[in-house]
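Please read the structure below before turning to the comments.
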């Protein structure tokens, strides 16, 4: 049993199967992918990698599983060593292995238009080291099971396990909120994980007969708090004005120099933050230097934080004109958009104290009023900042 | 006023002079020097760089200064903006800029036999950007003042400021213990910083007339706790058995490939963890691969943690024979040695409640019994591990 | 300078004037008034008294004052020892001295229909010990100034100081949320105090010319978080279903035995939790025993948590009928009602980054959707619980 | 399953048997016994009772049991619901029910010369409510088993369980150090509980064949840290100079008024802090008023913190003379004495990494140099403080 210290969860323990996975190259590579891309330029503490997040997600997957199993009336086995629990922990550990350098900053550069989730799938099914570990130590857990759980959907128990990894209260969010908060030195992302775990349970959807992760009535406020934690992390940290500027310069450079993340999983493994940073330093490119010297274009205009769909579309329509007037190479455009949650799709259920089941949308009285974050920001070359600002002001509110 | 979030100290604020220093290349370079070298291979959370440590040391320098000034009977001015305070904060911010890649792991590779302290001095006196910032915004603080404070010694106020940066209770230790503990996810390094600050005061050495940082009687236990915190961090984290092995492989590779850290400060700035890691990956060298693949030589023998001087010397004498028998290239030798404190030199004074001044050695009843850490560890190529172990056992205790 | 350790704020320091106040009988009496009445019966850790809250409020008053002074363009003096700062700290320390036993549980038992705020006023103006301390050590601060600040209103600086003590972001809330959370062992009440302090500033109300405490745009989310923290503390802790039941039994007993809190301040000082608890134990009264033995009436019915005004009124109209049918002595009725904030009155201003001033209601996008808490709960003697429940269900939803 | 929030351990869960015990009168009475007697007069946050400590000890007993069971090679069953685990948790919950008012302050006032441990035994064997709960819900656990475990000694498994409750690393210390630290607002008592639990294991004593709680080599420093935590809590908090003075006045009053704690368990239950405080307020007695008004005798003399046995005896010999000269009624004498640990009796074993078993005394290099705390303090009536001080100074060092 490997014991690993973690600043967020204390001790994280891994059995021999998990230990082998932790030591595999695809997971070790995550040590060199910063969880928050360039955010550490703004929050200096945020130097953590996806590697510790992967460990944290695995730890939480075990705890969530135990919480669900305890209230599943036998639907989920409760032995610490059962197949379902090992499956969901492994899935959590491996859910991010397909991430490109700088995490989300340059997702669109994959060859063949794939994304990090498809790359995760390819690594799971194609990486020989991973394959060998499952074959020799998986004791019934197979890579295709992991792929199934990560794909979402499915039925019965699999559907439930899939939601542990990806849903409105998945272990990905549960871990990154706590972890990013701690490392950034902010409190926005803190919510009451213990209380939330205490109230999670599997709920049968009356209409479809499917089982889903839900909370009991006592967990509504804890879940609201998680949603708010995420909302604040997006507005304050993930969509930070300086962080976004640096990320845009990074993307511009990668684009101008024709970077592509290989679609072949073995080739892909060679790419991480180090590879990119190392090349960026030698680059003559203007945008590469903007990142390395932290001399980014200044912000010249930003819209309200909560544009309506119509406003988003209207502002989007201004962009071609803007580029035409000032030259696309002199501008950076950021569009930060995020729904605070997806409860409107009725996908989270609450078991009320009288036994009735309602949607979270109905159970929570203000969460539906959290507005979608939808904001454009325009940065421009310093020499023309005033001019661009004036133009946008006259176009947008004139 | 720049406000920076920090996981350890909350908000850290920097005035325009300090902000310019923070933004300078020598300080920004610290973002790419991990505070704990390869320790994150063992404690995955320990991904923090010397950059946040530098900010934390600056913050603490201000707090220590304020604590001393409040009890200095006017010897130290107490205005937040006074020259002495700005000086000591800048010194703390800059005290580590000469660190080589991977911090302490490869200190001996400097050209001309210099060390990181000499490099810090050269950057302070030679880097044009630093020079310009002091000239234009230093308002009386000069780079030579910083060099003086970092050099230690001096007289009167300067001597006191020097001890804020380097002494038995300096801001370097005060910050790194808290920071390394937090990021490693351990508690060993936690001590009561607030209580310690509350009890710090300048004390006049009766014999020499010099002023030194000391504590009042109520601070003796808080200071003991800091010493113990450091002691445990060394035994559990800094001298960790796996971390040391990786560090030795790293050194061996750097040595075999003839790496040298330039003694010229401008050339030096190009070297950091990224430069080295990036080259290490491409290297065919056995030891480079040992680090990147984390396949280090196993530990085959370690001495007691607290060798006497005679034992240390005796064990040292075995090493040439050992290398001769098994080949130096098949062995790694680690010698971890650290005094828990240097109170025996009478260099920390305690003001007792009756006004008397005694040395910390006398005031503290068990701290002098903390034994010096002094331990050899031998790692060997797996194929010969048993043989080396047997040989050492027969030589050492036979 | 007295240094006091505090679990919430670390060290709290008191100058000789404040120390004398802390040691006075009216403040020491607060040691025997639990901050949360009977809540420790539900959250066992919540054994803290109003005494530590008073110290914490004093500490925060100094910090809020400093934050405001730093951004007041000289309107507020910034010396640590200025009269305004000493005044507002003393006001915070003393703001609760008129509290009756068990804090809010039995506020209505004051003679002459006064409340705890009027009692605070009487103690300030009438208690000889307090008077003497102000006279001999107040250095210009007078008890009438404190009364003025506690009364609210006023003009100019006084109005600003009054808001430090009582407003939507006063030190009372700021302290009790952190303190109650810590002692209860919950996280609901945690908000980012440091960030909030960092963004507080005095803002001139354009219409009236008055100065008020506000936040800059960067503080909107921190303030939302404080509002939510309070909201959750009310729903989860302060209006806890069991805590409320015990409180109602306590009130019923106090009423049945004809308790009255003296309106004379000197007589009043003799009453605290000990006096009452001690008598309660000897009492033959049914309700007294319900509290001491924790055998409260069970909950038989509760309304939705967010009744509309009309619903509140409608439910209120059922109560006389209910009492008539089952006997008032067999029922306990709780009406928990709280507005999440009072921003609708335009009483908190936000300074936007473009210099404009808007109300918090406009600056915050979801806070206005936090619904008023307004809920009835009916508890009944065990023997008739089913019958009462059925009756209410048929009356209320039929 | 009852879930209780706790500031130290998060959620504490109790099964129906434990819930019934928690609700019993002997356990509920602990709500009115402050854990630290009058210490809250010095550390205002320390208002916590033995009730939360009892819950915390129960929680830790489960965790320690699980840690031991996991490494017991089947010697201890590992089912969450096994008899041994239920037994040790119940023993931890009940271990303090015999405590007199103000905890340790007035232990010597029991009738018949019994102590709180004997009273605990009497309550366990004699209290009908406790008896009934064990009979109806104990499922094999009997009150005599608890008495056996609390008595210590025994053989085999019982001996091991006894050490969970009382030994050098028992759950009593483990809980009170964390709890008292938190509530006092100090850090002295913090140690790494998680690490310690991780390293605990049952070790067979080679000589006697008995099983004992020990730690593996990796736990030596964690255990040292616990010992130091306790040491600092004694020197800084439990033996605080002001706290001791108040406690001595309390004892003096209780003595002068002839208080006795009944030796009959049912009568005993009526006595707690409320009973005593309530009577103290009405008392005309000088010492009672010293406590209530916090006007204690000032300290006039204290010896070194670490008297030798000979010095202790010599100082003790001065006391009769002192009383004769100044009158015992004008003096308070405190003798604070505590061994930092009892490792010298070889009663804690360490399993080294090579499988060898050594005593903690041998494994830890400085812990044996922690000096016994042994200090006299003399307080005197203010009018004669100078005279008493002079006398003692001349007698003691003259």
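First chain written, first letter: the chains are A, B, C and D, and each begins at residue 1.
The rule we apply is simple: contacts are C-beta pairs under 8 Å (C-beta built on N, C-alpha and C of every residue); 3 or more make two chains touch, one makes a residue touch a chain.
Given the structure is predicted, the values throughout are model-derived calculations rather than measurements.
Under the contact definition stated at the top, the chains bordering both chain A and chain D are B, C.
Where touching is counted per the definition, the chains common to chain B and chain C are A, D.
Contact tally for A-B versus A-C: the pair with more C-beta pairs in contact is A-B.
Chain centres computed from CA atoms place C at the largest separation from chain B.
Centre-to-centre separation of chain A and chain B, using mean CA positions: 35 Å. Centre-to-centre separation between chain A and chain C, using Cα means, comes to 40 Å. In chain B, the residues that reach two or more other chains under the touch definition are 10, 186, 195.
Put simply, chain A touches chain D in their complex at residues 3, 10-11, 194, 198.
Within the complex formed with chain D, the residues of chain C that make contact are 4-8, 10, 23, 28, 31, 40, 43-45, 47-49, 51-52, 55, 182-186, 274-275, 277-278, 281, 294. The residues of chain C lying in touch with chain A in their complex are 186-188, 190-192, 195, 221, 225, 228, 232, 235-236, 305-306, 365-366, 369-371.
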